[in-house]
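For reference, the structure discussed in these notes is given below.
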Amino acid sequence: MPVIGMRAANQFIRSLGVTLLLAGCSGPWNDPNEPEKPGETVYYGSYSSRLQHLDPARSYSAEEALFIDQIYESPLRYHFLKRPYVLEPALADSMPSVRYLDKELQSVSAQSPDLAFSLYTITLKPDVFYQPHPAFAQKSDGVPLYLFETKEASQHFKTLSDFPVSGKRLLKAEDFIYGIKRLADPANKSPLLGFLSNYIDGMSEFSQTVKDVPRDQWLDLRKFSLGGINVVDERTFTIRIKGKYPQFLYWLAMHFFAPIPWEADRFYHNPGFQKRNLTLDWHPVGTGAFMMTQNDPNKGITLERNPNYWFDPYPSEGAELDREQGLLEDAGKPMPFIDRATFRLEKESLPQWSKFMQGWYDRSGDDTHNISSDNFDRAFVVSGSGIDLSPDMKQRGINISTEIKPSIYYYGFNMLDPVVGGYSEKKQKLRQAITIAWNMEEFLEIFTNGRGQAAMGPIPPGIPGYKEGKAGINPYIYNWVNGQPERKSIDEAKRLLAEAGYPNGRDAETGKPLVLYLDTTGGSSGPVADWRRRQLENIGVQLEYRTSDYVRFKEKIRDGNTQLFGWGWLADYPDPENFLFLLDSAQTSGNCKCDGNNSTNYENPEFDKLFRQIKVMPDSPQRIALLDKAIDLVRRDNPWIWGYHTKEYYLNNSWVYNTKRHGIAQDTLKYLRIDTKQRRQLQREWNKPVIWPLITIAVICLLIVLPAVIAYRRRQNMRVSSVQERED
Amino acid sequence: MDNSAPVLSVENLSVCVNNPQQDPILRNVSFQLNPGEIFALVGESGSGKSVTSLAAIRLLPDALKVTQGKVLFDGADLFHSTEREMTAVRGNRVAMIFQEALTSLNPVQKVGVQIEEALLLHTQLNARARREKIIDLLSEVGLPHPETRIDWYPHQLSGGQQQRVMIAIALACEPDILIADEPTTALDVTIQKQVLNLIRTLARTRQLAVLLITHDMGVVRETAQRVGVMLRGEIIEEGNCEQIFRHPQQEYTRRLIASLPNQDNFLPSEQPDHLLTIKGLKVHFPLRKGILQRIHVWTKAVDDIDLHIGRGETLALVGESGCGKTTTGRAILRLDQITSGTISYNNQHIHKLSRRGMLPLRRRIQVIFQDPYSSMNPRMTVQRIIEEGMVSLKMDLSHEQREARVIELLERVKLEPEHRFRYPHEFSGGQRQRIAIARALAVSPELIICDEPTSALDVSTRAEVLSLLQELQNELGVSYLFITHDLSIIPQLAHRVAVMKDGKIVETGATEDVLTKPRQNYTRELLSAVPRCQE
Amino acid sequence: MDMMLKPVILWTDVLIWLLVISITLFLSQLRKNPESREQWHQVFSSRTGMVTFVIILSYIAIALIDSLHFRKALPPVPGQNTTYYSNTVNSVLDIFLGEMGETKERTYSAPFSLKSYAKENMTDESGHIYRDYPDLKYAGSHLSDNSDFSKDLLIQSLKGAGKGLFIGLLLCALLKVFTHRQDLPWSSAMVTILLVCTLLGWLLHVGNLYHVLGTDKAGNDTLYHSIKGIRTGVLIGTLATLIMMPIAITLGICAGYFKGWVDDVVQYLYTTLSSIPGILLIAAAILQFQVFIDLNPDFFEVGLEKADARFLGLCFILGITSWAGLCRLLRAETLKISQLPYVQAAHAFGVSQVGILHRHVLPNVMHIILITFVLDFSGLVLAEAVLSYIGVGVDSTMPSWGNMINLARTEMSREPVVWWNLIGAFAFMFTLVLAANLFSDLVNDAFNPKKRQERGA
Amino acid sequence: MLAYIIRRLLYAIPILIGVNLITFILFFVVNSPQDIARAHLGEKYVTQDAIDHWVKEKGYDNPLIYNPNAAGFSKFTDTIFFHKSLSLFTFDFGQADDGRDITTDVRTRMGPSLALAIPTFIVGIWVNICVALIIVMFRGTRLDKAAVVLFVTLMSISGLFYIIGGQYLVATLWKLVPISGYQTSLSAWKFLILPVAIGIVSGIGLGARWYRTLFLEAADQDFARTARAKGVSELAVLFRHVLPNALLPILTGVVVVIPTLFMGSLLMEAFFGIPGLGSYMLDAIRAQDFAIVRTMVFVGSVLYIIGLILTDISYTIADPRVRLN
């Protein structure tokens, strides 16, 4: 046996040697990326959760938008560099023009009381083509090439790459109409159907009609008309909106309004395609700078340059400092700059981070920054003046992109709750006391390493209505001390609590301790949970957790069965309306008979009145004045424990350029440029394998086998010893 | 080789357990083996005879250690050889066969391969020659159709055939010495006789020196030329076979010889009234097969037998293993389902009684099993074991009465009253069988079914248990259905004998008639196979 | 007025105490039979047996005192007419541990460190902001000067170890008084007791002054969490097997004894259950159970009760997945036993079916149950860690080694590495599992008839 | 034998129905189809209409197990249970709740799972057997005792430590292999070598110890003594006699596992980012995707039953004494 063991060990060492040799030839051993084709520029990225939908009508998540927005384009888009956020035409030739109509569809002025509709007219860029796709392939007589009668006829086509022929097609106005109709078709389960039906004229009627149409395979939506949207000519179409809704332009920059070629929809409805996951939900067809060539759970997602992409030059103007940071160096050059982008699923931030540090990923993350507080101290040094890269990172040439998303995280009080809800002064004080005790600055310090900013009200920075400095502080929670906001003291909170009827956290009459219940989905333990409990302990209030899964949690919020809950909002567009509507009484679940967005059930008629005015106003000083009033109202009522606005830092390896993060838009891949030579060189430098452990292990194996061999030899030569001894 | 010169001599061999506190297992054992001669080591279990043989070729288990002695083979001391040198001796010069042929053969190798292995190790024959040699060997040991059997697996052969294969393996390299460790104990008497004959023939024709290890004086008498009697790790007496049997020097040897049953005195057969009558009893077990598990065949364990047992009478039911004798006993006790036929006890049909209806009769019919180790629940005290029947059969005795009865019963079977607080494993095999008898007697039965009650016991204990049974019969007038494969104990015990084969009774009659004037060939065969002391 | 303490009785507390009582009874019953007494004797006659038993016993003891829960009363305020209790549930163990559970720092700190592991912004006297490692709030707070640290540590260590040693000596003296058999290696037991006591004494004493194993991200003492994890580990190892045991025993024995359709049904049941991939069954059941708990918050007064309910559910479902194996073993053994002569003899004596099952079959399969129990123990402790990692283990509020490992995972890639959480959980878990494995080997050797035969040969 | 296999397959049907019933009850006893719909429709702007539509489209609009409104036999067939679970018997797994076709997903994810599981399994057994045989050769010696203690120690370490430690040392610190990930091409080996090695090392304790007892049992049997008496050397006794006999009990433990290798390893796949069925299941459990869980449970059960049948068949091959009946 030991002989065999030896032989095995030999073999092992030899085979190891071979593998090492093989690995040695092709660069570092730990390269997780697939070999590149020569001359190709590849971007390596990652995403953190399995994608569910890539259908622009259906997807409504940031991770999915990371891909969808590279492939689909909408009439408008955000300017890559300019801040505050500015819309610019994308597929549209120019910004849409708007006209106001009355009920009879006659033009009226913007201020007219008869105003019933707004009519948006959009004209497209000429000569925009879709990506090559088999759906567009035609026989010589113009009949689509890939149209099958039965499952069996198409069974040889397992993946998109099995279709040898693909075609090219010009973008037309009707494709937008088709796309909007798809939003309205309940079969596509668009999350926006309910919401947009309130605005687009004729949309709900359309979905009622289509809902009941019997369908076998593909339903040609072109056969049904949707009253509010019309084609004017091949490059022009109009959308009729009920009433006035200036924020509608922002919606036109989202992928919901991307054009969908009906050929693609028909193609994916071929019999048997669904069974092979050949669906629009999995294989997008767009006009964007990239097209998806692979979507495979094993290999991840690959985007390739769309050969038909229109001439789209890199912007030549930007925000201040952009030029200094080299963000305008590529001005005027046609995009995209990379040929291929591969994204791998990295469910956990840890391996992602390590691979980034080894140089295998170009950025620390694409959909999330992946810098957990554990890695934070390695990446950054925090000085009094702010955050800076650690010397190690600087030496590696890594640079930071900051992203401030228009978002807010907060803890909501359920205003219907008998303990924390209500609008009396006592209750206001109770909520204010709790908010003071809830030390957000400490939270940010411990758990996000200061990445974020404590919220002063519902409006995040970068959005009209947000104010810096003394004017912007929340006077109920903060004092202005030494040119800085300072959270009021715990004593102040205790005083407020006593005034609210709970001296030292005990009911003034019965002595019963005040116990608050926080509804979470995350579980009730861990550092954050401990921390929360401690915040309330500071003012003598006890905190209990009611955990549940996401569905139950939503249900509790919908039914108003919560007391205190953690919640957040990521804006769809950079307008204060998109934040204040979270407190609009029309948005409570009870009032709208839906999953209302006003999850705290805040209902203040005064606020509602202000909100309705703010909603339809264009940005102006008057609007800001109204905003100030509204914000003061909610600060006093304090329906939220004002949480924080995130501020995220993404790291980029030195070979990546044009990495500016946009808080809202995700279609930024086309701006990106990569220096592949530098990348290859640094990767080699950073990934020299440590070989001594391998040798040590081999030696140890030998050391174990050797005594076994010796012992066997001895056993073979053994005699009956005791007898010998006696005789010798 | 000179006939008189010993091939193997063992001198002053001592073996002990690794743990030094315990007594040595072997003490100064010395003996010699001569070519062409069969030397028997005889003794009861635990006397050290197997250890002697294993020590001689250095196959002792790890727990045992040789402390002194020499094993001279070809003039060289085997204890001085290395392990590697030993492998050239084992199988080649000294071969061994063991008691349990089935377990001693590798179950997953064909018999031919197992013989071939020895040839491969010790000879230079090529593949064809090896195969021929194997077939020769197999036919020499008397295996029918050796050309086909060579490719059979051990489990496909019968017990006797397996032992023949073992012998073939042992003989493959034409050894000088054959060590046979209880080669026939697990075999039926008829087969035992054939195997012993084979060994005897081989010793003569091949000039083999045979070390025969056995506990059976009958086997010794029939086979060996010289005998060594072992007791507690020592050879207490050694000598010529004739001499030992005629003039045993040691008390222990005398006891061993005396324990061989006397086969000249028979119990007279009376004809009392029938206590139990069996007519046309059939016990068949279904064999299921196929997708739907339909019953395809029936195994006919007991196939249409008639029997009767008189009051105070002992009926011996004899036969080889698998003949259905145990099933008959179980059927009477209603432990197996009866297929057809009638069983009547005291003219009362009992074969149709329900479990509850059977209860009163359970007091009348009791049972003693073969294996004294598994027939008592190890988790119960002797008191509880004996009184269990009294309790469950509702004899309406108070606790004190039961205890008194247990004491009485223990004394009756010659055990101490204090023993009632002990657990079964604290007793020896013979004592346990006494407890089993006491348990059966506890409910004052009229008929006791004794299923091989002595076959697991050493010879000396066996005699004691048998005489106790007889004593009880004389005193209490119980009847016995005595199921056994051992014809030698029958004369002293049974009034009548029924011989069973393949589920049928082939011959029945008074003991003396059947044993001395057998009418059937099968009975004759059985009888001739019994080793005898007196010829 | 009312008591200062309000006992909180958790389901698992009840079960574990019931279990301990019944095991004690069962063992004392078992001792009566000389055969099993001898088997136990064999287990304990080896040094390993003694040492591991003492270690396991100390774990169980800690788990038991950690299974006596109560809530402290809140200090009364004027006008209050009933007592109100804190919503934090403590256990008797917390009293022993002193303030260890309450000395919460802000975030990580290394073992025995006096400073935090993360830099923080601080302001010096001149109002200048700088970034450095702040002093810890509790660790070493009794020191007037941080340079006294090593001297103090030595003195305090001696103090703590001395206290522990004293208690250990007391226990040894008690042991000496109450033991009679001289042929067992009591000395190993005593050495182990002394070691365990000294170590515990040292940990308790020094652990209240410093963070012996550092602190975790939220500043909780790692040692405290590791010790609190003992209850979870021990309970999951024992309860999971025992909750399902009555059913497994009943079904297994009935199947083996009655055969026929009973056998068919039982076989169907366990084949069905064991054919479901275990991890899926556990995960699905736990997730659904959690939903149930969340839907019925009224059943639970304090958060711990919810965690406890989930824990019980976990024990249940783990029991179900291991149930099939035991059932199959019991069925096979019963089949064998029911053919043995003593059962046949019992039939011949007209003993009733129940009597046979109870008197003859059950006592003779007990060794299988015992062996299954000890063999499963360590596997279950390990399984808890894995399940907690996947997120279907014990509730994340319960201190458990699995949860610690889960949190510690990310710390491994931290720079500089935070290793003490992983090591803390590892050390406590490894000791228990190793002791249990060694002990179960011995029990298996002693009670498994197959092994006994080997030894006899 | 054929009859035996057919009978076993028929017996599998009630078992699979039972399995389905259990999963079904587990998922629907606390969750209503409406809940599942909400969980899947995302976060913002969900309307009751959308929920109803989803429920109807996925066929969750029937009663669960018993339909009192239907007539006759369809009281049982017009139910979610019947439609959803029993259609599995035709191996038609349908769509996941997110619309992906499960059969395709299972097929594509099987590859990585097998690529990880098969080498771990085969090399693992090989290593365990070798180690155990070496140890058995020295039975009764100090080496044997030390090895047993080592095995117990190895098996007392949680698998998580092996993975965390191995990944940290080999991939992060020594940079010998990629930290995680997978490729479908041949170059997958560099992603697999570490998890396979960890899988083997973490299994040695348990496996080698178990095999050791099996070998010891076989080595003490009579036929081994016969072989020694034939003059067979110790090494050959172990290989030619002990090993083939000890393989029989090993078979029971091992063959039943083979089909379930398809299911992949949950932990390994999660830690090393291998897109196999293990991580597929984990995702499905976390997303409460009943369709996938139901399928995986069904597939797992089928594989287990196949494993049982394979075990029996391999027994007849390995052990000439055994015949199926």
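Every chain is named by a letter (A, B, C and D) in the order it is written, and numbering of its residues begins at 1.
Keep in mind that, in the parts below, contacts are C-beta pairs under 8 Å (C-beta built on N, C-alpha and C of every residue); 3 or more make two chains touch, one makes a residue touch a chain.
This one's a predicted model, so the numbers in the text were calculated from it and none came from an experiment.
Trainee: When A-C is set beside A-D, which has more C-beta pairs in contact?
Mentor: By the number of C-beta pairs in contact, the winner is A-D.
Trainee: If you average the C-alpha positions per chain, which one ends up nearest the average over all of them?
Mentor: D
Trainee: Go ahead and note the Å separation of the Cα centroids belonging to chain A and chain C.
Mentor: Computed value for the inter-centroid distance: 42 Å.
Trainee: Just curious, how far off is chain D from chain A if you go by their C-alpha centres, in Å?
Mentor: Comparing mean C-alpha positions, chain D is 35 Å from chain A.
Trainee: If you average the Cα atoms of chain A and of chain B to get two centres, how far apart are those centres in Å?
Mentor: 83
Trainee: With centres defined as the mean C-alpha position, give me the chain B-chain D separation in Å.
Mentor: 49
Trainee: Would you pick out the residues of chain D that each touch at least 2 other chains?
Mentor: In chain D, residues 31, 172, 220, 233-234, 270, 288 touch at least two other chains, as defined above.
Trainee: Can you pull out the residues of chain C that are in contact with at least two other chains?
Mentor: 287, 291, 295, 409, 412-413, 457
Trainee: Would you pick out the residues of chain B that each touch at least 2 other chains?
Mentor: Those would be 61, 83-84.
Trainee: For the protein chains shown, what form does their contact graph take: line, ring, star, complete or other?
Mentor: complete
Trainee: Contact residues on chain C for chain A in the complex?
Mentor: Residue list for chain C touching chain A: 74, 76-82, 84, 86-87, 104, 106-107, 118-121, 128-131, 216-218, 220, 287, 290-291, 294-295, 297, 302-303, 306-307, 395-398, 403, 407, 409-415, 418.
Trainee: Within their complex, state which residues of chain C touch chain B.
Mentor: 33-35, 340-342, 344-352, 355, 359-360, 363-364, 457
Trainee: Using the touch definition from the top, list the residues of chain A that touch chain D in their complex.
Mentor: It comes out as residues 1-2, 4-5, 8, 19, 23, 28-32, 34, 50, 52-53, 60-61, 186-187, 189, 191-195, 211, 274-277, 279, 281-282, 296-299, 344-348, 351, 354-355, 358, 360, 549-552, 554-555, 594-595, 597, 687-690, 693-694, 707-708, 711-712, 715-716.
Trainee: Over in the complex, which chain B residues touch chain A? Could you list them?
Mentor: For this pair, the touching residues of chain B are 58, 65-70, 77, 79-84.
Trainee: Could you list, by residue number, the parts of chain D that touch chain C in their complex?
Mentor: 14-15, 18-19, 22-23, 26-27, 29-31, 152-153, 155-161, 164, 168, 172, 216-217, 220, 260, 263, 266-267, 270, 281-282, 285-286, 288, 293, 296-297, 300-301, 304-305
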